[in-house]
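Input: one structure, supplied below.
Residue numbering begins at 1 within each chain, and the chains themselves are lettered A, B, C and D in the order written.
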Amino acid sequence: MARILLTGFEPFGSALVNPSQQLVQHLAHDGIAGAEIITAILPVAARHVPQQIQQLLIEHQPDWCIMLGLAEGRAQISFERIAINLADFRITDNAGDQLIDAPIVSNGPAAYFSTLPMRAMQEACIAVGTPAELSLSAGAYLCNLIFYTARHACETLGLATRAGFIHVPATPELAAQSARAIPSMSLNTMVVGLQAALGVLVNELATA
Amino acid sequence: MARILLTGFEPFGSALVNPSQQLVQHLAHDGIAGAEIITAILPVAARHVPQQIQQLLIEHQPDWCIMLGLAEGRAQISFERIAINLADFRITDNAGDQLIDAPIVSNGPAAYFSTLPMRAMQEACIAVGTPAELSLSAGAYLCNLIFYTARHACETLGLATRAGFIHVPATPELAAQSARAIPSMSLNTMVVGLQAALGVLVNELATA
Amino acid sequence: MARILLTGFEPFGSALVNPSQQLVQHLAHDGIAGAEIITAILPVAARHVPQQIQQLLIEHQPDWCIMLGLAEGRAQISFERIAINLADFRITDNAGDQLIDAPIVSNGPAAYFSTLPMRAMQEACIAVGTPAELSLSAGAYLCNLIFYTARHACETLGLATRAGFIHVPATPELAAQSARAIPSMSLNTMVVGLQAALGVLVNELATA
Amino acid sequence: MARILLTGFEPFGSALVNPSQQLVQHLAHDGIAGAEIITAILPVAARHVPQQIQQLLIEHQPDWCIMLGLAEGRAQISFERIAINLADFRITDNAGDQLIDAPIVSNGPAAYFSTLPMRAMQEACIAVGTPAELSLSAGAYLCNLIFYTARHACETLGLATRAGFIHVPATPELAAQSARAIPSMSLNTMVVGLQAALGVLVNELATA
């Protein structure tokens, strides 16, 4: 039984919902065959996220840690390849903090690669008709921050957990209300794609 | 009972399906309360489309003529405001024709505005969570050609039919197979939005 | 000697300069061989522009009327193919007016095509290394308004003047100050391209 | 006297020129006050570039190493913040190699940050009217490869050289010939911006 820690974020900015939170709820509700899913919804707050993700990893010691976040403006599911040691926020987070040109971990390495089988996950996603891409930048906001923090925790604490980050587009509901014309993807299309991608993890563990 | 002629296109290029055809089938299958829906799937062929749409209009004399077509690369449902008397194809159509800088109707007027209540339809679409925009150009390919031809037929034949064109994004299935990273929208999201938009037509007729 | 009326716009919004105004000045200063250039800088004001462009056309009766305007966000010189009878402003103009879904000329035709040799002008522009495209929409703001008004004046007053509109990108200076990442083109690149495009007009008249 | 190693690339793909090569020539020809400029034009070949950049760094031991490359499709000068240990080519390089999901240096660190004062350079660029941005990804082609290799050499060889990579847009001449509509920037606009950015380096060294 693969143990998967699945995280999303609270809403931020003016949005009332965050698709990453909705996806966590849908995926946990539907379940993934062969997997036990542990979920957490994290605050969009740089001062709280690092400790919380570290605690979750220590407490649950999952096989996989899959973190989800919203990337407004992107048209596809984005499997992020790398987390960088940089926080540079264009807007304040929900706690009112705005980090500029700051390291996430002082003297930490410049970056960590994802330890998920990203390309296999992307291909599984596409195979079920959900547009997906590999991405070389998770930005420098909270999404990259949690991704870097989780990977740093795994490395420094010697956890066997393999961890990675997946960006998702806005939902049609968010895009319909947006002042800008942005691409969207329905929750159902995302759920189908992510179920296929998580299935890759279950199979990889089963055949290891 | 509002009579609505609803048209889509056959697949073109390398695609095996055309979302406009799928939408016509879904909308006709589900039905619109207070409306009788007549459907037609048209060839992507400049030499055949004008005669076919004209015959459909004469035969059925519908209250509304709603033409659907694919706009690969767009992220929202696009309610087209105007059809122009220009055919300028970047690629050949399915009959092998490639019109360049050609009028659709010799000595026809430069353009016709849509006679649909475009803004009310767009707002109805957004209200149900389907991203939608008003568009100032339907291009110069088959979509604009059928739109211009239909409006020209209504004007020159003295038909009471009100007619307009709606562009739709690629489906996730098409986008997932695309070599380019293009936005997409699920059929379900489109159907919900178009049902709301067609509902505007039924109400307008009922209250007229 | 070809007589060319060349117009640009005053700055609008928060910008201190308008590239269309700068281009008119540069092109007039450098001159075009075989052409007499008459210039005018027009206000970004729907209540004033129609009368002013009409007066200019009547007073000068030029062979050609070339109207320039800024299209922030475009990456190429855009030769506009068509002007439509619609004013639909996203923002107020410099006189504080915001027309919504309004005709420019009540009972005027839906649109007028440009009467410039657009494709030859575009190709001349590209041949000297200035990126250029043919465009199917000049928008529904002041640029389209002056374009429609000028073409309407030519048709209704029986003027021999051939008229068209050319959109230009932001300059690097404007883009460098922009909150959004927008494409730009240097004045020099634009001047070289437009000189080549205006040269087409001189030649066409000379060989007519 | 600041010693600056300035590199560009040979043309690749179907292009006959590479703006990065043209910029190196222009900047070296004009000179930078207070700086000695050493130039090199490198092949677009993964099998040759690492050794060549390493030799250049060892031989010249410059104060600064500024590497330039073309990013077709970008609209601004991009100051790259980070180089990652990944080669993943969409197309073959000029030597016919196509690396996929490969590390640049086996067991090398995941990434190196630029050691240039990126934000000060970007701001200097903008101040003279050249659009510029900080970028979080230099891609996974030759540009990232040389950037990673140079930073790795500096770290592992204990060089005092500070190194970074700058992506530049296509020139108008390249964009005019492109099948896609891509943004461009004139060499002159780039030169002015890069001179200002390099001036930051000279000043930083002078005041250190």
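Keep this in mind: contacts are C-beta pairs under 8 Å (C-beta built on N, C-alpha and C of every residue); 3 or more make two chains touch, one makes a residue touch a chain.
Since this is a predicted model, take the numbers as computed values, not measurements.
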item	value
Classification of the chain B:chain C interface as same or different, half of numbers criterion	same
Separation of chain A from chain B, taking each centre as the mean of its C-alpha atoms, in whole Å	38
Distance between chain centroids, defined by C-alpha means - chain B, chain D (Å)	47
Inter-centroid spacing, chain C versus chain B (mean Cα positions, whole Å)	31
Residues within chain D bordering two or more other chains	none
Chain contact graph, described as a line, ring, star, complete graph or other shape	ring
Chain D contact footprint on chain C (complex, rising order)	75-76, 125-126, 129-133, 171-173, 175-178, 181-186, 188-189
Of all residues in chain A, those that touch chain D in their complex	81-82, 84-86, 88, 101, 109-113, 119, 134, 136-137, 139-140
